[in-house]
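Chain naming follows the written order as A, B, C and D, and within any one chain the residues start at number 1.
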């Protein structure tokens, strides 16, 4: 594997941050992944179920090749990758330098609990006297000040929330491993100067603070204080404002002149609060309000101390920065217009809170009961657009995800209650603009009976005080209705993440008018600041699929920058660590027991355990170590292992997950495959509160150890050498997506074949002249084509089509045919299919019967060519969703509403006198497109909603065209005599089927390419090494296609970047002598990693595609298919060991 | 509509009339061979034979109430790869169903065979049949059917068909290409031959047989037969479940097992090239036996007997077609069939699957449905 | 009713006012929040949402044939709640102005407003009793006063209204202002 | 503390007791009210139904009068409609330069001018925000113990120009009521409409709306109001509403300053309690005890 230099910083460890970090890490960059929160995962930690599968599936983001470099368990529980360093509780506070070479300063909040020592026993939390609302459960439950941020994390250590901690020290006292350390002794090094003219204040403050262990000095006046400051440095000054002689503000100014770094806190009475605020503007850190009360003052000072002294600052150099800061959520009670009674009326909750209610890890363990009174929930209303599409909430935008989020929640509720719950969604437009969203929604309505009520609900009331929430709304006919619900769920919209303004200032990125990160035209990842990229919802709320795409787009851009600055992938290969071949040696296990100081030896009969273990089959050595979690202990272990000559290592300690990285290093140091090392937990049995007897504990420990030995003993010691990779890419399709993919790969120094069937590059983009945002597609096209044509790494094959392809990831052999019939064979390691889509044609609404009935595309063309002159138009009507969003083409084409808005706004701009009517079903103005919908209405465009069961009727008579539609609001027919009728026919697939056959990939029922997994692997095919982007995958706009293309390039580079790819140590293999060729394993393999070789008459396994899930081994009746590392004999040994102790 | 023709019965001899039919088929049916059970020169044995010469069908007797092996296994051998010709195979319903399972498991192909199924009224066990048949097997077959026609059922001369047959609810080979009907047919006059598929029609069309339709009473008689068998079967399920209700009972149920693996060899759907129990997986370290013995102070030998049966149930119960060959093969009279059928009933019901019904049904374990077995794969973390 | 007040309302260019109202509510997205918030909607022949739609579609006659806008009590709920932040109550006032100007306003409401303003013009302030008396005269309805009699009696008994009409200022107190307003509005 | 005081027409007539009690309470609290001798009607809801400009000019004239006095203080306005009209002027002036010119062109007739900048505040806002429950509590010498008061805010004190309280779920009167030693009647109707001017023009609707309010007030001893229009609709039509609704909906309705005054120990005369249309005997009795 090539060793790359270069590193990147990823800010925010939610889905997007993790995806970006993994992308870069997989390419070999060192990644620093930071998050302000004490846990990984962002919002997703709170969500158990993702639509459309209603499962999680986050683990599918984990590396599929080179798997051993990363953790392979649930991503919601934790993440490990050898190239990623995760820093939690950490913020980016400073950034200097230039793209490719930034110096960043990271500040980590003090960790009172040492994660290396915390064993997660929970004693601390038990004794903690503080109770506050639990963020994880969206405030529906309580937690302590020392708590587990996410209950399912691995390793899961406790953290202290200093903001609510009272520093009583109870937890520190009870902690069995000494993991909690408030470091009282360090306080004596912390010098505080108290400045006040009143003796009583000086004295009492001094007393209180000395009692807390601080070093306190006092001064009775400003000049006295300044004198002291001049003599020696202080760590903190508490400064009174109102003093005779020289007032506090002046003292502050002078002190700051002398010692600019000195933190100063003003002390003020009520009357001078304004002065205190002023003082903060000239450098005071904070202010304290008199009169003081030790119970409030002391924790304040302690908190200051913790933040000042204990917060670690780290400066480091990174080539690029990715901002994946996530999003905030609209607080329905927060803007003074609490029309929904959130926080006032019981049983009005937000979507996230509902998510916690149905979560098995939530406050009601997933039972559908109300958090307020435990009553069973039978009738739920979801209110859409809370804080979205609402000028009062300063949100002329759509939050994009809430519609599907609510549908998903409604289905979850239905499922949880066996269909008993009545679910109603109140909405304005149901924005089902993503792939397969429309069918999901339809299924929710038709199969599961979710009620979709088109009505914006303005407020929630109570039947009586404290009673069930009542909703008063107007249905489409104008009839006022009133309904009582058990629970009202507010689909609270997106807001920029907290602290985004500071982050923007620090990094120099511009924000848009609503405070989200401003993107550059035609990009979903470029910010106004070179070298700083954005991923995920920080630039506007996105669903998982799009966040994942965008994150990969950002990592491609970041990688491209680092690469162009000479970091990158071009560095010389670093030879892979060669592991000792122990396959011919009998298993010899060294068992290392960590006694955790003395605590362990006291709790169990260690001698007895030791002798038991040494009598186990294959155990050659047993050693005791004081604490292997320390560097010293670890060194001892390493030496002992080396000296022993053993070829297996079993460590008995606490927290097995902590050792993944250490074992890798150990393996490299002593030349032993880390797959032959195992860590078992022998510590939980003797946790305090476990209450097990010494005998019982010893037995559990014996059991754990003998199971570990059993597993190691049968471990296959052979070492995989890896598969050579053809380091070239093939991109099929020369539209904007294909060209972007090709450039992404080429710019990283790899060759790409770009195959285009026509004689021109550009695809659909050739016919687009404007975007809704006012950018020029033609300019983009020209620039891109020129880059593609000039790039030495891109080999263009125009007028060519793919005939045939075989091979697999790492090495495909593809034959293409030119127009003249000549052929050529290309060898490549990855394949990207970017063949695009086309505007659908139609026979509806009189299309083809009149020249003045055109498609949106034709309208744009004819406006461009001058064939249509806006000045001559009096009335224009547009019909949306032509043949779309109903079977058989039951999907939303996503771009037609924006096209209609774009063309309507253009027409209005050219000729404001035109009357424009847009007949629509739901306006899909998702995200910031909403503002153009507003603009269109402001420009006077009239929007009339129609129902799919009552479509507009087009009448053509004597060359005159009119459209009749029922206006649902007035309940009567409106007839529009129009000079031009524009049909939004949407996007249809174009030839995906044939290519799918050639490359062995799938298409969906609509004929678009079928990705491996909509949310987590949106650009991958199930078939490893083949990717898809652009409209051949699903309808999307230019920018979205480009982002997706960048993501495919990123995914492709991960494979191309290595000369050889190594499979994970846990992969399946076939024992041919036993195999009956029943092919059950082929059917069972979820990764398409198996096939039958007809010539050899064998079942083959693609080691790179195999993810070691073991489905094949499970389905094979006679163990002809086995999983390395989990052979039957091993498992039998483990079971035997377990049974031996139990029976 | 399916072609239905009469196979005339001459001289009230079912067996020889059928032989004539097969001879005609081999001559004019466009096939290269015919596989059918024949009485062998060796006394009293009835075995499948692959015949290419019509003159070698004089002892063919697929109606003989015995099937020493489930012939699906041999059909699988014939069809694993292209055969180089087309062969008609005459099978019992359970053999056809086993073969369909094997095809799904890629152990055979239907391309080169025409399946001829016969209504099956059951068979005697391998041990009993020689005593029943005596010296003249073909005569014994006629005796067996006379007995049935006289309304005396399958019990004849103190013998009766095996429990597996009594519990078999699939006496009619609905999924054969050509079905030879006995139930509800006037056997004094003719047998029924019905083509269910184009392939079957092709076979029948040149034989010059007069067409007919299924007699009305056939449906009713089939229903009656199936009802009887279902009631026997369900009673068997109850008894077997009771007899194996806990680990202790199961251990004693299988107590006589000697690890001979005959049941596995006889099982038509046990298709592994080599059973896992014969591989290194069960090649325990000698010291392991001692450790096991130590655990309770005593270890029954040979080990892995119950484990063997449980494993076979785990692997094969979704494919079990209930032919009863396992019990037939057991030297120690363990009611293996009863146990397998009972378990198979539960597993197949759970997956809404009927083994051997159709090639269209995907085997349960090859299909993953996210919404099944929520009680097992409950979505909790 | 004085001619001056009447002229004042006719001074508008009606089309301008209608255009202004249409401009005001252009950004409406027909969500229905206004209707749902309106305490009087149940009594209206067209709901507020329908009326805004009619404004968009230019259905002027139907708007002024309806009694919808005359039922507005100016509670401002719709203005408060409209997610587009449209000045709906103000627009209703606009429609009322138009109705008065067109002379199509329901007699009762329009007369009341004009009588009221006439009082203001003359005296600067309003004395409810005088207002009522003038209003009843303006309505030329002999029956209407009866429906207010109980209240009037009650008020009178409480001494809150006196039959006499104290003069705060000289009559014609705000003549100048009213004239100027009229002048300016005619110009625009 | 001092404020310009704009009483408005109603407080000279039907709501005289509101005016008198407001003045009494303010005096007791040591708040100075500066009178404008030449004030004129704000246009009420009539001006805006007739002329947009007139509806601006009429209130602006009063602001101009205050501006002329050159005092650095806000307006305090007890009448919600007047409050809305006066405040509207500043809200529009800020946004519309043309309007500012027009208004001033008209005001020029009386040699007045107004550039904006004087804050128009509702009496409730001043009581709740500037004075506050603490200060009121300090003056209470006759606690209204055992009294259950339903706080009624009405529309225009809150909407469209609020800022000092939630326009949907107002709460600011509650601490004041509690400061008086009384108890708050919890009801969801505090911000609902009483029908306002519809009582004159569309009586049946106004009666319906008032009826809903009075029904929800059951259980309270008294409704506290801060608007003469609300007061009149709530107190003067109780008999009629009871007939329409078919139940006895009679209840005391008092102005908030009257209630404050009672707790301050001011006598009935000082608070003009005799002018109230709905001051029930049961409440009288309760207060005596």
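In this text, contacts are C-beta pairs under 8 Å (C-beta built on N, C-alpha and C of every residue); 3 or more make two chains touch, one makes a residue touch a chain.
What you see is a predicted model; the values in this text were computed from it and never measured.
Two chain pairs are in question, A-B and A-D; the one with more C-beta pairs in contact is A-B. Compared with subunit C, the chain whose C-alpha mean position is the greatest distance off is B. Note on chain placement: the centre of subunit B and the centre of subunit D lie 95 Å apart, centres being C-alpha means. Rounded to a whole number, the gap between the C-alpha centres of subunit A and subunit C is 56 angstrom. Separating the CA-averaged centres of subunit A and subunit D is a span of 53 Å. Taken residue by residue, subunit A touches two or more other chains at 337, 339, 459, whereas all remaining positions touch fewer. Residues of subunit C in contact with at least two other chains: 80.
Multi-chain contact residues of subunit D, defined as those touching 2 or more other chains: 167-168.
Viewed as a network of touching protein chains, the structure does not reduce to a path, ring, star or complete graph. Those residues of subunit A lying in contact with subunit B across their complex are 48-49, 53, 55, 76, 152, 360-361, 366, 617, 1073-1080, 1083-1084, 1115, 1117-1120, 1128-1129, 1132, 1136, 1139-1140, 1143.
Per the touch definition, subunit C reaches subunit A in the complex via residues 26-33, 35-37, 41-42, 46-47, 49-50, 53-54, 56-57, 80-85.
Chain contact summary for the complex, subunit D toward subunit A: residues 166-169, 186-188. Residues 336-339, 341, 344, 459, 461-462, 465 of subunit A touch subunit D in their complex.
Listed in rising order, the residues of subunit D touching subunit C in the complex are 9-10, 12-14, 16, 39-41, 43-55, 57-58, 61, 102, 105-110, 155-156, 159-160, 167-168, 192-193, 195-198, 200-206, 208-209, 236-237, 239, 274-275, 277.
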